[in-house]
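When the chains are written out, they are named A, B, C and D in that same order, and each has its own residue count from 1.
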Amino acid sequence: MTQFMTLSEAIATQVNDGDSLALEGFTHLIPFAAGHEIIRQQRKSLTLTRMTPDVIYDQLVGAGCVKKLVFSWGGNPGVGSLHRVRDAIEHAYPCPIETVEHSHAAMANAYEAGAAGLPMALFRGYVGSELPQANDDIAWVTCPFTGEELSAVPAIKPDVGIIHAQKADRAGNVLIEGIVGVQKEVVLASKRSIVTVEEIVDSLEATPNACVLPAWTIDVVAVVEGGAHPSYAHGYYPRDNNYYKQWDAISRDRDSFNQWLESHVFAKGDA
Amino acid sequence: MTQFMTLSEAIATQVNDGDSLALEGFTHLIPFAAGHEIIRQQRKSLTLTRMTPDVIYDQLVGAGCVKKLVFSWGGNPGVGSLHRVRDAIEHAYPCPIETVEHSHAAMANAYEAGAAGLPMALFRGYVGSELPQANDDIAWVTCPFTGEELSAVPAIKPDVGIIHAQKADRAGNVLIEGIVGVQKEVVLASKRSIVTVEEIVDSLEATPNACVLPAWTIDVVAVVEGGAHPSYAHGYYPRDNNYYKQWDAISRDRDSFNQWLESHVFAKGDA
Amino acid sequence: MTVSGTTQYTPSEMMTVTAARALTSDMTCFVGIGLPSEAANVARMTHAPDVTLIYESGTVQTKPDILPLSIGDGELCESALTTVSVPEMFRYWLQGGHIDVGFLGTAQIDRFANLNTTVIAANHPESGKQGAHSYANPKVRLPGGGGAPEISTNAKEVFITVKHSKRTFVEQVDFVTTIGFGRDGKGRDNAPNIGKGPTVVITDLCILKPDANTKELVVTSLHPGVTREQVIEATGWEIKFAENLESTPAPSEKELIILRELKERTAKAHSA
Amino acid sequence: MTVSGTTQYTPSEMMTVTAARALTSDMTCFVGIGLPSEAANVARMTHAPDVTLIYESGTVQTKPDILPLSIGDGELCESALTTVSVPEMFRYWLQGGHIDVGFLGTAQIDRFANLNTTVIAANHPESGKQGAHSYANPKVRLPGGGGAPEISTNAKEVFITVKHSKRTFVEQVDFVTTIGFGRDGKGRDNAPNIGKGPTVVITDLCILKPDANTKELVVTSLHPGVTREQVIEATGWEIKFAENLESTPAPSEKELIILRELKERTAKAHSA
């Protein structure tokens, strides 16, 4: 059942060193504020899963929180490379990281399987790709009815799933609207879950088939206005494209990144 | 791409003798009018799939359209037996029918797999049940990661999927709202599809994540006001519970059923 | 039995109220239609206002004012927090491990709480000849499994409510549609990722629970005025009684009023 | 090249307009970000107003007024017919067989139209030592596969658009992220339930199509003013030219105006 907490309390009580985490949001509703709080609380040795480990994971990796990255597309969308992730992979700075690489279809299916309580996802994927040579987590299963070989990947079941959403009601039920990505799946698949929201409302005013997460599927709801910035929140604020563009220069250089960490994360309190 | 037709044209052009059909709608939005038109056009040897073959399939079976029934719960909800289906199973009247019996979980997953283009569905089901002794379509697959045995059933991919929905816009895009059942899956899984709707509107006025089927996933849209009666259409009309109760008496007796067929189906034209 | 005042009640009312009491506000309950639905909504309207009721039609956290006739009545959707597709319901919500209690009815139940809603066999088969044999030789064709086979294994535990009679409480079910503890009581022992199974059976005569070791259903509480003989007479196997046999508390006035008003509203709505 | 009037245009504009022309109004197109997205939206704004554009972020039948910077910009959702979850997008819409054309870009492409967006190898490996060998010895770590590996096999056909250079058009890709026709050109021959694969590659110099038998990419049309030598020079293998080599029609005034206005609106919006 949901508890309402500050973001600082949420991370302090739910996220431990060594945990596997998925901070999801497919371009939209990326839980940046939660990521920054994890950095502030200096969590270590995290396994981070995310389809598109963009700027948010570049920051967590650069801050030395991460030992392993599971992903399917790593880049700063429309801008270029993730320099902190590359520095970690190529030069073990600030610490070495292991990577497990999938395709989007594999990860989307793996989250779906995690939400569905299955040990694995089955799909028609990786045909002719050399990714199975680079990833031991890809297997093949024969359909007992047709004989077709289908690809299989383990379900994703993080210790903690973290997402940002537009709003929660006073009972802690959450509405997500717009590009909903894999957020519902992440919350349902995770052992524990944190949802940061723009605001608390009296009524979600949701249509019957809207994407709603009941309070009892969420461990913590924390109000963090602007918690997805520089990503966006449909109906609240647009994507800060300049931030993404400027990130390229900030993240290219270790010193400028570390300065950014000091001034933009550590110097700030709990959002 | 959607064509707009009358219901009579829709059935005439899309449904052939011997086809496999799924008329879906989980209590809500059951496409009764389409079922009656199939009876009027006297289609034969149909394979009918439906999670809950309630009154609509009792009518189709009683009218002699059906050679095979695939289902997971057969009854008149809250009332009792399907007398026409029982008469067909027990006494081959008006013709013998074959049955394939599943659980709801199996069929829901099989529709999902059909929509997902997979040959089979994998789920954690049938554990300890004797249904696998009575249904050769249930198999077991070993998870390559955990060694767990999971149940598998073939995906459902009907020749024709038929559903009823609230509304379509002038391009033929369809909105379904309320209890959406497996309707989206049926349309996406079927080779051809017919959607009957209460009305055509200028704009669906759908929220971003509403259950919308694009026109190009549907072969025919036919306007049939009241096309789900005696089932209901959320926002349009309620369930006619009396009809379901009265069906028990009508269907118990071959003569009274045949009289009903004459007066309520054959004597009526295309809705 | 004539029932006018609220100090008198029918065995059926006793059953519903007792079944309702098994639910608490902190539970998520996957509700079967009929008796379970009646009990679950009485629970919600009395001592368990925050119990989360979920129906297989996809309606999550629903609060119907009247009882649904079918599993997918409009009332269920209109009063729900949200409504998901049926594949999502079975995949994410049931199989995904979010259901505390599956609340089921049945046509037959046996000593190991296995349920049969598939077929009554033409000739009650000898032991070892149930299952496929019964299926091929039906006397009565029942509706089938519906959601029950997976509710019983994917929910954390299962409550069952059913009227007590020799026709229903049989030594061995003709067909195991839905596992209780298997034909030998050991069906869950080595099964991975499976719930606890039936933890309580509530009838119009008594409460039964599986023995901790053998998993055989034993009577743990008799309803007011019911004798051991009545239960023995209504059970198709040599039924055992718990050492500390309890007496089920009678329905309270509040429980009876709420149940009767609910049924009255329901009858009125369904005949409209 | 200075471009002011609408009779002059850059090679990049030539590429986008030509790529746009490959799409028609009756197609459903799964759109990759970058060049494919630019081409797909030009198509929609010119000759193919009813082309159905789908992005992996779940946005179905979207009609953005500006180009998205990311695959999930707000504009995509706001102008879409509907937006589904990402698992549903990959399961029902792509794998479910509803995509006519997958429109992809790439970092490397080889003679059998295999695509590499994973790694550029530290030392260009000898034949037969690509794949895992390259992966373990990266010179440049690229973003990875994203949606491409399954778009390429689950869409009915694949269009590719990419700038022509020796670094990009290589004899053998360092890593097959996404299959074209496999390292031997026979990768799709016995694969069940697989699309036709790449049917056209549009560059800033020419149009290439796979040979019907060998599946090797051959130049079928040269853009205006481009010579065979330029193409040979920009290609990392001994490129072949079709017997009936065509000349690509130049962009029309309308196409150029629409493309330039689109890019202007986009630049303005993204710097706001």
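In this text, contacts are C-beta pairs under 8 Å (C-beta built on N, C-alpha and C of every residue); 3 or more make two chains touch, one makes a residue touch a chain.
Quick caveat, the model's predicted, so the values are computed rather than measured.
Between B-D and A-D, more C-beta contact pairs are found at A-D.
Note on chain placement: the centre of subunit A and the centre of subunit B lie 39 Å apart, centres being C-alpha means. If you average the CA atoms of subunit A and of subunit D, the two centres end up 28 Å from each other. The distance from the centre of subunit C to the centre of subunit D, with each centre set as the mean of the Cα atoms, comes to 58 Å.
Of all residues in subunit C, those touching 2 or more other chains are 77, 83-84, 91, 95, 154, 193, listed in ascending order.
Annotation for subunit A: residues 112, 116-118, 123-124, 148, 178, 180, 184-185, 208-211, 234 touch two or more other chains. Contact between chains, per the stated criterion, is found for A-B, A-C, A-D, B-C, B-D. Residue ranges of subunit B in contact with subunit C, taken from their complex: 26-28, 51-52, 71-75, 77-79, 81, 86, 89-90, 101-105, 108-109, 111-112, 123-131, 133-134, 148, 178-182, 184-185, 211, 232, 234, 238-239, 241-242, 244. For subunit A in complex with subunit C, the residues that touch the partner chain are 1, 112, 115-118, 173, 184-185, 188-189, 206, 208-210, 212, 214, 216-217.
Within the complex formed with subunit A, the residues of subunit C that make contact are 26, 28, 52, 60-61, 77, 80-84, 91-92, 95-98, 154, 193. Residues of subunit B touching subunit A in their complex: 116-120, 122-124, 137, 139-141, 143-146, 148, 150, 152, 154, 177-178, 180, 207-211, 234. Taken in their complex, subunit C has these residues touching subunit B: 33-34, 56-59, 68-74, 76-78, 83-87, 89-91, 94-95, 114, 118, 130-132, 135-136, 138, 141, 143-150, 152-154, 175-179, 182, 187-188, 191-194, 270-272.
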